[in-house]
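The chains carry the letters A, B, C and D, assigned in the order they are written, with residues numbered from 1 in each.
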Amino acid sequence: MRELGIGLIGTGFMGRAHALAFRNVSAAFELPVSLRLAALADADPQRASQCAQAWGFATAHSDWQKLIDDPAVNVVAITTPNHLHFPMAMAALAAGKAVYCEKPLAVSLEQAEQMHQAAKAAGVVTRVGYNYQHNPMIEWARQMVRDGELGQIISFDGEFCEDFMADGQAPWSWRCEAQHAGGALADLGSHLLAMARYLLGDVQAVCADSQTVHRQRPVQAGSAELKPIVVDDHTQALLRFANGARGTVSSSWLKHGYKNHLSFEISGTLGTLKFDQERLNELQLCRAGQAGFQRLLAGPALPGYAAFSPAPGHQLGYNELKTLEVHALIMALAGEGQVGTDFAEALAVERLAAAIRVAAREQRWVQVQSV
Amino acid sequence: MRELGIGLIGTGFMGRAHALAFRNVSAAFELPVSLRLAALADADPQRASQCAQAWGFATAHSDWQKLIDDPAVNVVAITTPNHLHFPMAMAALAAGKAVYCEKPLAVSLEQAEQMHQAAKAAGVVTRVGYNYQHNPMIEWARQMVRDGELGQIISFDGEFCEDFMADGQAPWSWRCEAQHAGGALADLGSHLLAMARYLLGDVQAVCADSQTVHRQRPVQAGSAELKPIVVDDHTQALLRFANGARGTVSSSWLKHGYKNHLSFEISGTLGTLKFDQERLNELQLCRAGQAGFQRLLAGPALPGYAAFSPAPGHQLGYNELKTLEVHALIMALAGEGQVGTDFAEALAVERLAAAIRVAAREQRWVQVQSV
Amino acid sequence: MRELGIGLIGTGFMGRAHALAFRNVSAAFELPVSLRLAALADADPQRASQCAQAWGFATAHSDWQKLIDDPAVNVVAITTPNHLHFPMAMAALAAGKAVYCEKPLAVSLEQAEQMHQAAKAAGVVTRVGYNYQHNPMIEWARQMVRDGELGQIISFDGEFCEDFMADGQAPWSWRCEAQHAGGALADLGSHLLAMARYLLGDVQAVCADSQTVHRQRPVQAGSAELKPIVVDDHTQALLRFANGARGTVSSSWLKHGYKNHLSFEISGTLGTLKFDQERLNELQLCRAGQAGFQRLLAGPALPGYAAFSPAPGHQLGYNELKTLEVHALIMALAGEGQVGTDFAEALAVERLAAAIRVAAREQRWVQVQSV
Amino acid sequence: MRELGIGLIGTGFMGRAHALAFRNVSAAFELPVSLRLAALADADPQRASQCAQAWGFATAHSDWQKLIDDPAVNVVAITTPNHLHFPMAMAALAAGKAVYCEKPLAVSLEQAEQMHQAAKAAGVVTRVGYNYQHNPMIEWARQMVRDGELGQIISFDGEFCEDFMADGQAPWSWRCEAQHAGGALADLGSHLLAMARYLLGDVQAVCADSQTVHRQRPVQAGSAELKPIVVDDHTQALLRFANGARGTVSSSWLKHGYKNHLSFEISGTLGTLKFDQERLNELQLCRAGQAGFQRLLAGPALPGYAAFSPAPGHQLGYNELKTLEVHALIMALAGEGQVGTDFAEALAVERLAAAIRVAAREQRWVQVQSV
């Protein structure tokens, strides 16, 4: 059986999530290839070593370029801060390695365009970490849309709200900088836009509005020194999909009461479907002719669920969505699957977000260029 | 104690709802005036008589003008089809009678403008039937907004969805005619716009999009003859409020699973508040610093609730909202209150809806003229 | 059309609820008889007069016996404190009047037995105010059980919890006295037992346990003087129904978070059904073969709902359940219906509650004697 | 750093769940010992080899005794059918190995008593797989109870319902045999009893009732041959806790609509708390003085959650509860923790279940003997 060497850059929240996923995937699935946790990189050599040992990676690097150059590494997983996605991915592509990059693809549309071109030229498998899409309930929802179970799609209404910046005294961070892909739209909204595209396809035109409610924030927690903020706290938009459906989307990191509220409702001529990431094992469905919404709980009839449990209602967690994303990556690398967000699709998400920014700034409808 | 004579025109859904409300209000409240159910009018003389007797009205008329001219009638309540609101209200105003008209105020903006001018000239009390606003939970929500309990208001996201036209074979009716104030925006959306204004105040600008999904419908149930439909099935809009808040609203009569889903979420710097008319005795509130949403159930601490029950959690119904609206009308007539939607405010709702129509047709942001 | 004269004793919470219901019923329904609000009695003559005028009763009495003796009175509605139900109902029955008495039937099983015998001897219509049963959703649930839609019934699990005595400093009241039918089981639990019987029929045997958590309470709010309490704060029981189903019931007035939580779940071989009085317009149903619970909202397909609204999802309120109970009473008086709880059925509820008390005290299973 | 060798017996649902957990725990936690996946046993040698390779175990055995005897194995994890728990655990204890056994401890109370004695004699760490208790939300709930945040505990009302046997044609399986610890009480109810004890402590007395609704089932799916069934489909009980609280519990595998509904409500003088395993990342809490229930979502303030995600609302899954259980086991083995269910506690659960069986059979209250 062919062996794939995994190189992982970064040991933060997402670094560990990747590590857990790469460790889980072999136990959850029968894979057509075998995985080798080849190398882990972190700028801090000690942390690199410790994590490599705890997580089972064979080698540790403090220089990420060395990880990319390591012949034992076939796939480069990038979980570093957003502004490093571009140089790392470009280097990996230059080395002919497959790339699995956390979202967002890049910190500017220009970078994203270049990365897409480079990936096309390299001809390798690429994936971007929009792991919410790998939820078996989302796959099911997508299948219903594709199979016409909801009829002609009329609308998609979605929001992604959290509350982590709701306090006006929450300090400045890189998430508040436009050049680091900060702001509620880029940070949260991009997940929602990716989801809208995943479920309904291309968006042709947008109109939007944005607010920066807290125009300055402490440079750090408790500090009296304030820093001006220009990125959006809250953005909302109208969408026109290529399939004729219309949509509303909004994203906010100021909404008290929400922790991970990526939610949407899809209505069609034959049914309405609802989802909320804060209850990720559920869908609410009402088909034409039914009296009301019915709660559907995740169960083993869905392949992605069955990989983790043969019993229904036992609940998958966020990290298992990551494992499912890694599984899709591996299947693509083995030439046995095409599920997931590649650089072309991630660029389409970035173009959509960019169009929303223009529409909000210029207060007009804006056409979205397809990839 | 002064006596007020009530004249009611119409004996349909809304006619009976008014009759129930006028009968209930004296038992639910200690009123500063006494009510006399003076006259009931219906074009069908037999139905007029029967209903007058069953509902306790002293006189029955088949000619509504006679009801208006009846000196025993001080207040004219209009519950007839939309296109009759204008002539009836104008006649009542001409006779110097107070007018309590069902929504929408009129079937065109021009009529609404004239009715507003006539009411101003007559100097009488006017009210329009946006009874959802009289829900004690809505009064509470409004008070929270006004008292700053939610801080600076950031957003209002609302929708009013029902499913009664979801079936493409649901037949044509007057609700499908623009000249009868048909369409999802006028029929349902106007309630939502009135609610948005009631809670957050003036809207300055809108951008919108509309769809007619079913472009023809049977002329009547089961008929093979089809009639073209031009009114909207689904409309969505972005709003900019005068207070700086932004909003999204959508209305649809095609959404499977909903029966009376007038719902909204208001977010502010100090809290988030949610409401759904399908559970009209509840609010969901999360204040800054709280871990999650808390369910608030209607109880006697709210005066409008206490009028019906001294015990919490006993649930008001839709008809009691109507009784509360009638109570507000009577208090205004007695010179002891100003709660409720008068013709000026109802005109503002119509202008807002009209601006949304223009914005959708011309695909651009449109300024809304204040009243 | 025959006229029925209504005599109402009491002007408190329930007095007003009756008045509203008697006023509403003629507008909501086409009745086979006409109603006359003949007389109202309250021990306070001034209050009797004021309420009679506001609520539309022809005469006011301060002596309830005079109301009973009034030849214009055909039906005596009793809404006074529990210990007065017995003398008033016995006097009305002696006068050959129909009796509509608030729950509980009486303050002792002995009284209840006598009242049942007297009613049988008088041969008049009797009703007891278990108005939750008149909810159209409950009628629907009962119909499903009777029609076998849930298959063989396996279990009934119910609770009735409120929080109004949850604070240990909540003062003593007549509800804390056994001789006034006080305690959580008598005050709240009896509604639940009546509901269980209404839906599933006779109970043959019970086992139970009771607690008095707060063994003394202030004699009045804020007082330092304490009074010992012997009635139950919380009672739970196992039930064996005659149809083979088993049940658990519990009632508590100490449960923080609940205001009117009369809830139950019925499971059968073909489905599961859930209800909660705090959302009285909803049922949750999962039929065999369905993936999950579906929310059913009240609508005009249910006759009791259609009486108040032709549009679904518009929500009935508590007072409308009372109107439905009054409608059932009037139909029985007109010889056109048998719906509702008569003295025989109310006695069966009292016997069941009494058996639970014995089972709790003696810590053993107790047989319930059928009526 | 000390190394612990893990030996795992069984490769089914639970075998894989253990494997995933042992693989995850090192990445999720900084452990005071290092783990070695030393050996995997399955009666089928080929499956043993395949799984060992996929899951990363060093050795594969088809004879479980050899795994126990393997000096590289320090801990024996048992995930085989219930009737094998006894011989395997006894052999492991005889070999002086720590034992981590899936629930139930054994298929008879006699076996459970012997296992407890053997464990005490061996003086090794033992754990039984009641992994629901390791949910950080449950730990939080327990902490609230212990810290008195809910005041004096008044009641525990719980149920564990699923629907996997709801169809009367669902075939016989070992779960239908009493000698394999079958029946709804043993299979599902034992989780609930363990939870009740974990949260509130010892139960002193029980009264109960049981039903076998489907008294025969096909010997296998679709077969016309029927086999008599004697184990319970549905059991309910009243509990008296040593701390004075009272409880109701019920378990059913016939309840349509439920997949993993281990739910409970704890009420105390200072608050009410609710949990449902089908939404395992949530608690509903109402404290004294609060208006209604508040939803609490799992987040990184809870150590068990923080091990998997630094971001709130990202949802743990069932398998992560298993990882948390394994973490507790390892901490106990390292001498740094005592969390979890050992053989003594598992025996207490078995005694409680046995008392319920006696109470149901003999229709009387039964004292529960403490361990």
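The rule is short, and it goes like this: a contact is a pair of C-beta atoms (placed from the backbone, for glycine too) under 8 Å apart; a residue touches a chain by one contact, two chains touch by 3 or more.
These numbers come from a predicted model, not from an experiment.
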Subunit D and subunit C - chains in contact with each
A, B
Taking mean CA positions as centres, which chain lies farthest from subunit D?
B
Distance between chain centroids, defined by C-alpha means - subunit A, subunit B (Å)
42
Can you check how far apart subunit B and subunit D are, centre to centre, with Cα atoms defining each centre and the answer in Å?
55
Note: subunit C sits from subunit B at a C-alpha centroid distance in Å of 35
By the touch rule stated above, which residues of subunit D touch at least two different other chains?
258, 290, 292-293, 297
Using the touch definition from the top, list the residues of subunit A that touch subunit B in their complex.
152, 154-155, 157, 159, 161, 166-168, 207-209, 211, 213, 233-234, 236-238, 240, 244, 246-248, 250, 252, 254-258, 267, 269-272, 284, 286-288, 290, 292-293, 363-365
Going by the contact rule set out above, which residues of subunit C touch subunit B in the complex?
13, 16-17, 19-20, 23-24, 26-28, 30-31, 54-56, 162, 258-261, 277-281, 297, 299, 308-320
Footprint of subunit B on subunit D - complex, ascending
290-297
